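Handing you this structure, nothing more for now.
For clarity, chains are labelled A, B, C and D in written order, and residue numbers in each chain start from 1.
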Amino acid sequence: MAGHNFLFVPGPSNVPNRILRAMAVPMEDHRSVKFPALTQEILAGLKRVFKTESAAPIVFPSSGTGCWEAALTNCLNPGDQILASRFGQFSHLWCDMGRRLGFDMNIIEVEWGEGAPVEGYRSALAADVQHQIKAVLVCQNETATGVTSDILAIRQVLEDLGHPALLFVDSVSALGSIDFRMDEWKVDICVAGSQKGLMLPAGMGITCVSQKALQAAQNSRHPRCYFDYLDMVKSNGTGYFPYTPSIPMLYGLREALVMLEEEGLENVFARHHYLAEGVRAAVTQGWKLSLCAKAPQWYSDSVSAIVVPAGFNAAEVIERAYRRYNLALGAGLSKVAGKVFRIGHLGDLNEVMLMGAIAGAEMAMLDCGIPVTPGSGVAAATQFWCTHEAPVGLGAGA
Amino acid sequence: MAGHNFLFVPGPSNVPNRILRAMAVPMEDHRSVKFPALTQEILAGLKRVFKTESAAPIVFPSSGTGCWEAALTNCLNPGDQILASRFGQFSHLWCDMGRRLGFDMNIIEVEWGEGAPVEGYRSALAADVQHQIKAVLVCQNETATGVTSDILAIRQVLEDLGHPALLFVDSVSALGSIDFRMDEWKVDICVAGSQKGLMLPAGMGITCVSQKALQAAQNSRHPRCYFDYLDMVKSNGTGYFPYTPSIPMLYGLREALVMLEEEGLENVFARHHYLAEGVRAAVTQGWKLSLCAKAPQWYSDSVSAIVVPAGFNAAEVIERAYRRYNLALGAGLSKVAGKVFRIGHLGDLNEVMLMGAIAGAEMAMLDCGIPVTPGSGVAAATQFWCTHEAPVGLGAGA
Amino acid sequence: MAGHNFLFVPGPSNVPNRILRAMAVPMEDHRSVKFPALTQEILAGLKRVFKTESAAPIVFPSSGTGCWEAALTNCLNPGDQILASRFGQFSHLWCDMGRRLGFDMNIIEVEWGEGAPVEGYRSALAADVQHQIKAVLVCQNETATGVTSDILAIRQVLEDLGHPALLFVDSVSALGSIDFRMDEWKVDICVAGSQKGLMLPAGMGITCVSQKALQAAQNSRHPRCYFDYLDMVKSNGTGYFPYTPSIPMLYGLREALVMLEEEGLENVFARHHYLAEGVRAAVTQGWKLSLCAKAPQWYSDSVSAIVVPAGFNAAEVIERAYRRYNLALGAGLSKVAGKVFRIGHLGDLNEVMLMGAIAGAEMAMLDCGIPVTPGSGVAAATQFWCTHEAPVGLGAGA
Amino acid sequence: MAGHNFLFVPGPSNVPNRILRAMAVPMEDHRSVKFPALTQEILAGLKRVFKTESAAPIVFPSSGTGCWEAALTNCLNPGDQILASRFGQFSHLWCDMGRRLGFDMNIIEVEWGEGAPVEGYRSALAADVQHQIKAVLVCQNETATGVTSDILAIRQVLEDLGHPALLFVDSVSALGSIDFRMDEWKVDICVAGSQKGLMLPAGMGITCVSQKALQAAQNSRHPRCYFDYLDMVKSNGTGYFPYTPSIPMLYGLREALVMLEEEGLENVFARHHYLAEGVRAAVTQGWKLSLCAKAPQWYSDSVSAIVVPAGFNAAEVIERAYRRYNLALGAGLSKVAGKVFRIGHLGDLNEVMLMGAIAGAEMAMLDCGIPVTPGSGVAAATQFWCTHEAPVGLGAGA
């Protein structure tokens, strides 16, 4: 098909040309005397992205899913109790992984469209006077529904109750797009991936492990080897890796970290919010449609799940957009399959790219018979973006 | 700035990733035994693009400007009379080059916004009973004003009058986007470049020379060497070049030719027309603005020049779009500087890319105080594209 | 440093420019309607590389190490007995992983420089009349010592004894370089990686699983999730992946498979043998040094470990080659650290590249005081290559 | 063919991966407000490479041949007398171009293998008491024979005689490899290209024009337009170009200039000399063959032309090297066709790369029956490189 594909799934996000070029390197010896400088530069940069001084960032050759598994198998013992909540496909999958790995999952069910239930966590933890719950899992940004949760509030619950459970956060579709604070929120393990806010291809699991979690890893008897934190931390300490790392991904990550620092992490978050607000204006004010996220407190700045009107099939919109307009929208998954389509608005993005996505989604909806007013989405986004001050990364001061 | 730049100047056009990758090759020996296969594949492909059996395509390491000069210096003698018309910056520049090179320029002045004046050519040629006019220059697509001319009509004038002048056509911003027919229109020299419909970076002058023109080159006494057609044709005949060619550009051109053939040249033209119609709908029905092209007969399918309302400065719109929205629009040149901005819609393009350009231009105009209705351009383009059958390259049958 | 680095570690191998370019693609939706065609093409190609009709190739976002773990955790139950042999760092590491994961490791110790001890396997298996041994591990090509083992002989032992244990083979540094036959040798799991004979960056674990092994996976109670074969096979069956795959690696793998097929897999093996023979001539006849591999039956066609004379430190040679000549040689690992340096000769390679490595290693040895005759390595390799018929991939018939 | 091609023609030279990546950029608007910064950075960098404060560097979309033409057509008048010398194919071609363009060529014939005849120039200029000679042409590095001439000596002749002729120097295969000093040597026009010491693909003519030459251009009546210096200088003064430049080549050039500065220009020259000495040791001491260059004073540090023994055809060696060993050697041109093959040793190069070329050439010669001692070339180069201190770019101090 002519022209370039517009990629608006919520990951993989668009890899900037600058990063693609940084990755197109010849291979090199990962045991050379020069190699540690690269490792150290990357780990230092990741610490700034995770906002941590003391925790250890780790990169695995894996997807983010691997980091979920690493969190569970490194720091817990077989059969340990885990408290989690489920309100979308990705929070579900982590819970399901816990079950499959043999943990005792204590799952708070929440309606899809809402986020992590602070009071639900409080009740469950308060009831656990024996401190049988060893880990608390929270999904910071549920990619399936476009819902962001309040991690600090969960931490506050643990503090209030003096509960010693480890706090594990899935920040896969938040890190680098939505604020995350490892140290300030006392997160024990943060799970992320390369293909979202970090603007890389998939294939690198990026995680961060607190000293408390590393201590727990010392005592864990759960079988593991590939995803062993201690092997990694030890090897990284010398600037190397326990097994062959991906050279292109390391150079790509280095470039991504430079880009984030050039823009400024807070400016990156501000840009994501600004862009997301424009998309939400298009959806709610322009198209008069609903977001899957039930209330503004849950709105995600990295992805919006848009509910098509009753009687229409969102999957048809997505297929039409893809086949006819070369526009990739995110599918509704599981419970919301056919009911929503998603626009990922994370990573290396600006207004005009999003205008293409909005206009393309509109054409696809119209072709499927959904009665939106032509141009209404773009008009509402225009109204937002032309009347609010642009963040640094989007031509502020132009 | 975040996100990718939207490039909508009428050249260089967007180089598809596929071509960028084809170009990222290591260098090789341009005198090797394997090299001629590449040369021959490219020249054969170019013949299909020029629609010629008998003429010789030539690629120079130069811009298209170099091919203008080659046409004049290879086939004419010092002081020869040339008939041309001027109705925009590029038709002007070719005329001016003729003057600077010492030819006797006979220039028909035409209002900018109109195209090549068939009757003007007829009068001038009819008056030239001595056949002093040795070459007739026509600009097929005036990039400055978005105006396409009727080359066949000029050929018909020459035929009607039995005038033996050579017919030189500037098809820089038409070839590969708008139909061009070397043999059928008996064009003697067609001048083109790499950075428009052929989807490559600038740096390769692409031209095609009829046997009649090569015959004239045999007799030309005009000093020339670098741009000598005969050197090129002789060397190309063995599969080589008289001086070192650009390896990346040759591989890029090979890939571009494959892409054009995969889509089908007629489908490529149909796609350009379909996309241009959507843009024109946005401009005239959505924004209620005028095109620089005075009448539909002149509308160019590769570029639209849009007149801003009196009292506004198009240069401000362009600068705003660039600095604030990362959108590159084409400037008004010379006589129309400040009066028009241009949207190039040529090369590797689809509707959603253009939607970004339309929405971005709209935001820039609004920011500059130009009273267009938000969303109106996109709405009009939507209306066109959703109600007309898509060409093959744009998801027809999806 | 000026000029390009010569990479002669035994992995990552040199990624050909053609593959680097194939990988430099924009991201795309891994859940699109078009995506399954890519998955299916790759899996079909891998089957030809593994020489299997019935087994299932699987690609994990991981290093080859991950595939070791997958083999153990998918098809065995906690505490199961495993028979293995240890004769180098990589056979050691797999044994060690088995121990760490809680299996009952029955390890045959072999002197480094020899390969898998067929009679040792026979004795151990013959003694296991209760069939407590559930899996037999063999390292086809020990990368640390440059030793290749006879997998078919091990299979024959199992057949002779009617022992039902699964046969797991580490072919990481053999697959795509040295013959491997999944079906003919009745291998149950073959473990490989992307960064060796498949000419890709590291980051993709490539494995192949027999129907018998998949059956065992149905019955395994070992905790696992990320590396679950059944999830993969089920998802791949629809053309998708259970979690986000790396788009560049998939396109790179597709290109690698095309390259292997263009050359012809048997020709690839012949080329590796021919190149290895030249290297061995340089080492033994030219330099008068010894290989770590004790006898020709063990000689590896993908990597040579070269023993430096007593009193010299191979690590100094490696560092000198790297810092002074921009040549990366492989280090001696563990037991042979300081005693050997390695030349990887696998993947996309030809004689002249190897000549650079040979001459460079020679200069580095001379600089370190090792008394080799200048030019002797190249002379011996020349003698071999100029007097033996070249395989197809190296200009046969030129 | 397997493995990478070894490119040792004396241009195009190997483009470093770093530059290939710098070139793989999306297109951009060459008339944008940000563009002049790029132009200015490049022109400032080129001034340092040309070693000039006052002259104007110019880059044309052309090959170096175009810059030859520009020199002649910008600064001279039709029929002007030019003094030049001819001692190889490239000095010949420039002379021939002068003749074709209608100048009155006064050519000193010199045996191929020698360089510019200082006394010949002196005699001719001394005889020209009327100062009819308007330009003196010298080829600094004759690529066909591997001969470097003494430009300063020619300048001294002009100074001695007080002759006002302009001094034009072809430094195509010297600039960036062999010292060149625009200001100190009072060169009026230096002609260079992108594909040699500047490590880029062909396609950019790089030239430098003194103020005296620009003054001459004001008065020249020779027809020209594409290659007009004054258009370029005027447009560059604003940061733009008179016609569309090649975006990839500009970014590639920027990176090349950064690389040259990182290494240090004098270190780059020292590296070329050091590498060339090793090659010459291989040829003369190892292979016992002769260089085309008649005496050490003419030895070129960027290319060596090697004379094969009588009775052998160098073209066969070249074809054998190419087809059988994937090694591209430079052909003998014109008078020395079949008599010499050439090894280019310019640009981004190190010892190990050259060892491949030396060993490969040796194998090809042996295959053609030329009686060189196997390994002798590498042995002699080893002897040189291992006993002389390495320059900065080659691991000095390792």
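One rule holds for everything that comes next: a contact is a pair of C-beta atoms (placed from the backbone, for glycine too) under 8 Å apart; a residue touches a chain by one contact, two chains touch by 3 or more.
Molecules present, by chain and UniProt name: A, B, C, D = Aminotransferase class V-fold PLP-dependent enzyme.
Keep in mind the model is a prediction, meaning the values are calculated, not measured.
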Chain pair with the higher count of C-beta pairs in contact (B-D, B-C): B-D
Taking each chain's C-alpha mean as its centre, the one farthest from chain B: C
Geometric centre distance via CA averages, chain C-chain B, whole Å: 53
Rounded Å distance, chain B centre to chain D centre (Cα mean): 35
Junction residues of chain A, two or more chains touched: 4, 14, 17, 20-21, 24, 26, 323
Footprint of chain B on chain D - complex, ascending: 4-5, 7, 9, 11-15, 20-21, 23-24, 26-34, 60-66, 68-69, 73, 78, 97, 100-102, 193, 195, 201-204, 222-227, 242-249, 319, 322-323, 328, 330-331
Chain B to chain C touching residues, read off their complex: 17, 20-22, 24-26
In the complex, chain C residues that touch chain D: 1-4, 6, 14, 16-17, 24, 263, 271, 286, 320, 323-327, 348-353, 355-360, 362-363, 366-367, 373-383, 385-386, 390, 393-395, 398
